[in-house]
Amino acid sequence: MRKYILKRVLYMILTLFLIATITFFLMKLLPGTPYQNQDKMSASQIHMMNEQYGLNKPVWQQYLIYIFGMVHGDLGISFQFSSQPVSYLIATRIGPSLQLGIQAMIVGSVLGILLGAFAAIRKNTWADTLATLLAILGMSIPNFVFAVLLQYILGFKLKLFPIALWDNFSSSILPTIALAMMPLAETARFMRTEMIDVLSSDYIMLARAKGLTQAGVVWHHALRNSLIPVITLAGPLAVNLMTGSMVVENIFSIPGIGEQFVKSITTNDYPTIMGVTMVYSFMLVIVILVVDILYGIIDPRIRLSGSEVSA
Amino acid sequence: MMWKQAKKIGLVAAASLMVVPLVGNAGTAKAATLAKDQTFKMMVPSELTTMDNSKMTDIYAATVMNNTNEGLYRLTSKNKAVPALATSVVKSTNNGLEYTFHLRHSKWSNGDPVTAKDFVYSWQRTVTPKTASQYAFLFEGIKNATAIADGKKQPSTLGVKAVDDYTLQVTMEKPVPYFDLLMANPTFFPQSKKVVEKYGSKYGTTATKQVYNGPFKLTKWNGTSLKWTLVKNKDYWDKSKVKLNTIQYQAVKDPSTALNLYQSKDLDDVTLSSEMAKQSANNKDKVIRKMASTFYLEYNQKKIPAFKNKKIREAISLTIDRQKLAKNVLSDGSTAAKGYVPEGLANDPKNGKDFSTEAQGAAEKTAVDYNLKKAKKLWAEGKKEVGIKKLNVELMGDDTDGSKKILEYMQNGMEKLPGLKVTNQNLPFKTRLSRSVDGKFDMVMTAWNGDFGDPITFMDLLTSTNSYNNGKWSNASYDKNVSASKNENAANPDARWQNLLDAENTLMTDEGVAPIYQKNEFHLVNPKVKGIVYHQTGSSYDYKTAYIAK
Amino acid sequence: MADEKMNLPKDAFEPLKAGEQLNNERIAAPSLTFLQDAWRRLKKNKAAVISLWVLIVIIVLAVGSIWFSPRNPNAQNATYANLPPKIGHGFWGFSGKANVAGAVVDAYKQAGVPKGTYYILGTDYLGRDLLSRILFGTRISLLVAFVATFFDLVIGVAYGMFSGWYGGRVDNIMQRILEVISSVPNLVVVILMIVVFKPGIFSISMAIAITGWITMARLVRAQTLKMKDQEFILAARTLGESTRKIALKHLLPNLSSTIIIQLMFTIPTAIFFEAFLSFIGIGISAPNASLGTLLNDGYKTFRFLPYQMWYPAAVLSIIMIAFNLLADGLRDAFDPRTRG
Amino acid sequence: MAARKKILQIKNLKQYFNIGKPDEVKAVDDVSFDIYEGETFGLVGESGSGKTTVGRSVIHLYNPTAGEILFNDRDIRKLKSTKEQLQFRREMQMIFQDPYASLNPRMKVKDIIAEGIDIHHLAKSSADRDAQVAHLLEVVGLNADHSTRYPYEFSGGQRQRIGIARALAVQPKFIIADEPISALDVSIQAQVVNLLQDLQEQHNLTYLFIAHDLSMVKYISDRIGVIHYGRLMEIATSDEIYANPLHPYTESLLSAVPVPDPQYERNRKPIPYDAAAHEGDDKKRQLVEIVPGHFVRASEDELPAYREKAEQYRAQLS
Amino acid sequence: MDNILEVKDLKINFGTFAGDVQAVRGVSFNLRKGETLAIVGETGSGKSVTTKAIMGLLDSNAKIASGSIMFAGEDLLKANAHEMAAINGNNIAEIIQDPMTSLDPTMTIGKQVSEPLRIHKSMSKEKAIARTKEVLALVGIQNAEARMKDYPHQFSGGQRQRIVIAMALVNYPKILIADEPTTALDVTIQAQILDLMTELQQKIDTSIIFITHDLGVVAGMADRVAVMYAGKIIEVGTVDEIFYDPKHPYTWGLINSMPTLDTKAKRLYAIPGTPPDLLDPPKGDAFAPRNEYALKIDTEMAPPFFPITATHSAATWLLHPDAPQVTPPPEIVRRQEVYQEMVDKGLDQPNNPEVKLNTPATD
């Protein structure tokens, strides 16, 4: 297992390195300079500025400097916030994003699992249809529509929660719900499929033959076995949450990195784009690694044989 | 100054002479009329990027700076310089080439005294190339500023000197008529050398890595946060005039969220854009903040040969119903362009008439007219002259909602010309900018906001050699007039004025660019908030005298 | 037990002659191709059938609107901007009345719209007919989805089949590559792609396609791995069939259900992703509309002009739901486990 | 018998998988045997014994790790040209175990059967192709009506017969039958076995019949090889191997076979086999001919015991 | 002997996309205390469906058209889910074919085996563990205590089947349903498992319904045999009656088509054709199309059961008084001769270890 993790970590590093490389060179393809007032600045100033940002060196040197800096946690200086290191920008912004992401992940997966399991147990009944429809609806309505509706109805009209802004836990409730819709829907659908699969397996039949009631079968056997594959959903869900956070953070004025990412795209803030990309990739890679390890821990077949799981 | 999403206004020196009439008189605020809670909640559409006035690039930073720090002068609601750290508004000597300021005794928020050396240090620091200030060009006119920025002279040779701790002497290279207004601009505010050196590259990156000498102190800003707070500065020399205890800033990027927050009284002042503004047109809290900016269309004559034909250009311009665009499409208080130089930017030194009004001749009118019939006629003639049957062009613009709509509207109008096929291309601001500069476009919607209250800030752009003349329109008469206004007639205000009027006229007659509209900002403001001083250009708001009425 | 008193004819107990023997190799069921069989199965799934019809109707309307659009989707009439829905003389929900600052006003009257002119789903901010815009947007969204799907199909299927078929080291390397690619947040790639290249239908489709094929490749690979040791593939090999032919004749048809189902999921994902891109401002460029851009315009004013959000949202949701239900239905129809 | 032609010679065949990895599998480990023209050679073993692997190596679905496979005296590993390979594919064919997995569910029966015809261009026209398919269907006891149907419409036995028709389509000389009946119901097994025997007679086919079902292998085979953990334990004629099993594994295997005879079953006592006891030491073992035609895997010091056992049996017979 | 279970006129249909499949078409049998009843039949003959019905484990698309299953005075078909749960694993237990899939992969075998104890006996944890250990040892799992903490994948196929048996037997059920319990196993392992089952049956005194298609296994395990074809039982009798004196042509074919190690016949006897599709079962006797002894009436009317002895009856018109006398295949005739000899000697007692008979002769 240790060897396996080590191998995975190596792959992880390789992956991140490749992502850094691709992002770097894609950024180099982007038109535009970071300066607003290019033509009002003196050549000498532009030179100095390029030097500050390291833009006057050959691309391969810039690349090496970037990679070297990244290894040391230095992601460069933001173009948009002058003098602000990207790493600081991310450090101060990641908290709300993580909090929202984790809350949404918990809400989404727990409710999704319950909904999916419920639908599977009531397979081919109206309850199943309703649950499935609910799940599909969750996947069918864009985040921003959800967010706006939640804000308007629950926040503005009913005044149950803060409309927006980021002050305390209660202000995280609406964005969490908006963000959790997609994971909830996906988890529910996946869970339903898995659960139906498991429920038709031999050992479930034998469990019934042992005298377990429906509830007992589900609780003691079906749930755990269906949950194992559902864990692999964590990767795609993490991606989902990242996408969602850009929208939700924007609408609810939450100081997170998703919101910042959108801003940095529209302002050509390359160092921030690259930095946030790296953070996203890093988080995703970590999620995938954790899923793999978790998979190994939860599934005894893998735990003991130590063989490789493909995510 | 380039526009970004109707947000990024340049840190502008001069203010226009235009006065925003709604602003109340600060002096009338009596204790009896004040609400108990003097907290003002302000929405901005963007984060605070820096508190280093050498590095500021956007209006929101400048506005905060203007309220937390202070320079020699402060501007009244009528855009008149009044003494701030300087004890009086001084007249220039030596033919406008020298100014001597006497400073009052005041303190930084860390207790240090503010001295003339702080000005010298700040100014030298800004023009030093290493600081890479994007606004060092505003120092142009002060002795050696340009040479220092070009790295040809040492920063210490800048024409500014601390005669003693409270006497500041400024030496000019040439007279700058709007010098007083510059002195009220945050770029010219003093900096504490001690503090700058203490924090080094981190100077001005958080609320605590800066010292303040203005009416308010900045707090709760970690450098990247979406909100920050200004609190009353008890060390401010004129603190008795300051009524507000706190100003809470909140960056909100979504217009409907902003409206919701305003209506639920979570915010006192919100900026609404596009549809939100349009839909709030009847709101009684509506406040239109006029701006000195023009949106205009440039034709790339270098890339599309047909654009060299004036009839073609004119035909295209005539297809755009600017009135309808401003009223029905934008509906956010913006107005149809009267000409290239926006209304209210500058007034005739002789008779006080607005430049755009004075320039409003027949040619001017035609250039911003809407006449589809004439357009089609000209288009047919133009096509024949150029020898083409049809024309496929791209129309480039920003990727903001507002810009998209405008482009769509314009495209629709243009395509009424037979054989003209327009493809819209909405790009992120900086991408659009660099493509414009590189000439990688057919037609581009450009926006410009006046740097200072003089038509030259616009006129300069379209000379044959200016790098911002993206369309490469070239006209000898125009170039001559602009050049004359800057050189031979620099000291002759009337002749200079006529040069600029002539240049505008030439530009419009020759359809060099097609002005579309003048941009304004749409606000909803809590009517209880009074005494805000607003400037059409520069650091928009001054809250020194603002208060919340009962 | 046996009823001994039964009256049975004498000849009942004569042995059957050879000719009278029944056909003992008889197949009772009608002959159906795989697809016919799947179709029969699908027909039992009401939700899927309804979805299929809904999609057909939507596609026909969207495509048909090229020729038979109620109005020109790009024709502007700024004075008629933001007119609420109205049908005929107006009735509930389609009255042409708008609530402006608390007062209900007849928006059509205010805008000076002549009698008899009405917009079924209202107009947008430039006075364009929303119904035509929605039809147009649906077409563009579907186009984006289909283009993305096509690449998904080509790249994903080919990659998956190749990786699975060759197995061993080739597979190993290809899987590692896939692993790396899938660790890149796809939205980042998409955004970078669109920022680097010109936003437009093609680059958006490409961007979605470039990141979208991973799942397809994985599924196809897994199926191929499973299939390549299936005896019918071995049989083809023992007969001397070439690899290329095996892939085309044996693998591909048997992968088809996997592929079709995955495509059914890819299409809505692509439509959705396009909508998201529109939200962050890098979607389809104007005046072209997609459901995403319409929704993006609509949500901003939904407090005042709710119809501008609800109608595109409804169409998008219906398409998404229909594709998802159809995909579910197809999965059941193709899945041999449910075979009766 | 010695005069008969050896159609297939397998010499020291080794087939390892995942070589060099922790999960290396020696599926076939040093197996040698010959098959004579026209005979049926049964290869018997339990699951995981490597019997299927042998079959697949012989028909060159796998590349052997080591050893030689001579078909008609030509090493199949050295067939270079496409033509030679195609020729080999025509002469040797395979019948598979799983009647559900061995037919492409997306193809019509006639296309499945004609696949070989198409590959080897054995039909002059499409009418000829149809005729050949119809004939093959008839040969395997189905009729031409069935040719347009899809595999799933058939029962297991019918499908297996379609599989046989497919193999026959290229007129092979040698057929590897890889557990062709183990997935079939009892009543159907006999049909297929009878069919295989009829075909052998009519076409002078040689079979390598792989199975775990000892009674059927015994019935159909002329000679039998017993394989265990990738190694051949014993080779002899089928009568001899049943009547006089020498290797304890063979004995154990035989003793475990249930027989549809209650009286016999009541008395049957399975003989356990302990692999560790017989293969646990590191003595060198190989197939040794104890009596003519009867080979046993043994080490030098085990030989006398086996010889004696063989003697006893001979004595009993006479 | 007491009947512990009585199945009467059971009819079960399955709703499929193509229509209703009549999987079980009127099955009646009873199970006696302590006996092993083998149900023999080919794939799709309805034997598994019948036992699933007994345990209430039919799939949701199954419809029980008629019949009753009486156990301890109650009709199991009328029991609700909770009543069924109380019986399953306690009074009736099951073993199924594939040991690789019949254990929950994520639960230790100790837990799985002790589950029926906790459900039905509300036993304390310690007692349950002790009992589990005991039962595991009983089925031949070595080092049972330590291995209880292991997961299914850590056991070989044979061991797993032993665990499944332990799980089924842990509550000493009155009835054990073994659905092809050795089909997936190698012959040597099969022999061990069968031995184990016989041994345990005697120890815990349970009745077994043994489902299989392997006549060899039946011969060794069963006391009585029911032969199923196309959803019906067509012959039932003691193991000796079925193997030595079968009356139904299908049974003849079944026995005859299986070579023994001694079969020397040039050709095997094969039942021609294919079993009928139960979506549309043929009129009359479903076996008729494949029956070389078919009579005209077979195509008209399904035959009733004709009793042969007290324990033996068969559903074939050949037993009708009016039917022509037919000669069974030679192998059957040979068996009948053997049987006659046995009857003469009074040896036709099943499961009598004393009984020895000459090894069956060859023809």
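We just call them A, B, C, D and E in the order they show up, numbering each chain from 1.
Keep in mind that, in the parts below, contacts are C-beta pairs under 8 Å (C-beta built on N, C-alpha and C of every residue); 3 or more make two chains touch, one makes a residue touch a chain.
Computed from a predicted model, the values in this text were never measured in an experiment.
Contacts with subunit B and subunit C are shared by A.
Common neighbours of subunit A and subunit D, listed by label, are C, E. By the count of C-beta pairs in contact, the leading chain pair is A-B.
Centroid analysis (C-alpha atoms only) places B farthest from subunit D.
At the far end from subunit E, in terms of centres built from Cα atoms, lies B. Once the centre of each chain is set as its mean CA position, subunit A and subunit C turn out to be 25 Å apart. Separation between the centroids of subunit C and subunit D, computed from CA atoms only, is 49 Å. Subunit B and subunit D have CA centres that are 90 Å apart. With centres taken as mean Cα positions, subunit E sits 92 Å from subunit B.
Shared interface positions of subunit B, i.e. residues touching 2 or more other chains, are given as 256, 260, 399, 428, 431.
Listed for subunit A are residues 30, 148, 152, 265-266, each touching two or more other chains. Shown for subunit C are the residues in touch with two or more other chains, namely 25, 27, 29, 195, 281-282, 299, 302-303, 339.
Taken pair by pair, the chains that touch are A-B, A-C, A-E, B-C, C-D, C-E, D-E.
Remark: subunit D residues 46-47, 154-158, 185-191, 193-194, 197, 212, 214-216, 218-219, 242, 252-268, 270, 272-273 touch subunit E in the complex.
Residues 11-12, 14-16, 18-19, 22-23, 26-27, 29-30, 129, 132-133, 136-137, 139-145, 148, 152, 200, 235, 239, 242-243, 246-247, 262, 265-266, 273, 277, 280-281, 284-285, 288, 310-311 of subunit A are the ones touching subunit C in the complex.
Of all residues in subunit C, those touching subunit D in their complex are 25, 27, 29, 31-34, 37, 230-232, 234-241, 249-250, 253-254, 256, 339. The touching residues of subunit A, counted against subunit E in their complex, run 123-124, 201-203, 205-214, 216, 220-221, 224-225, 228, 298-301, 304-305.
Contact residues on subunit E toward subunit D in their complex (touch as defined above): 42-43, 186-188, 190-192, 194-195, 213-220, 239-240, 243-244, 253-255, 257-261, 263, 267-272, 274-275, 338, 342, 350-353, 355-357, 359-360.
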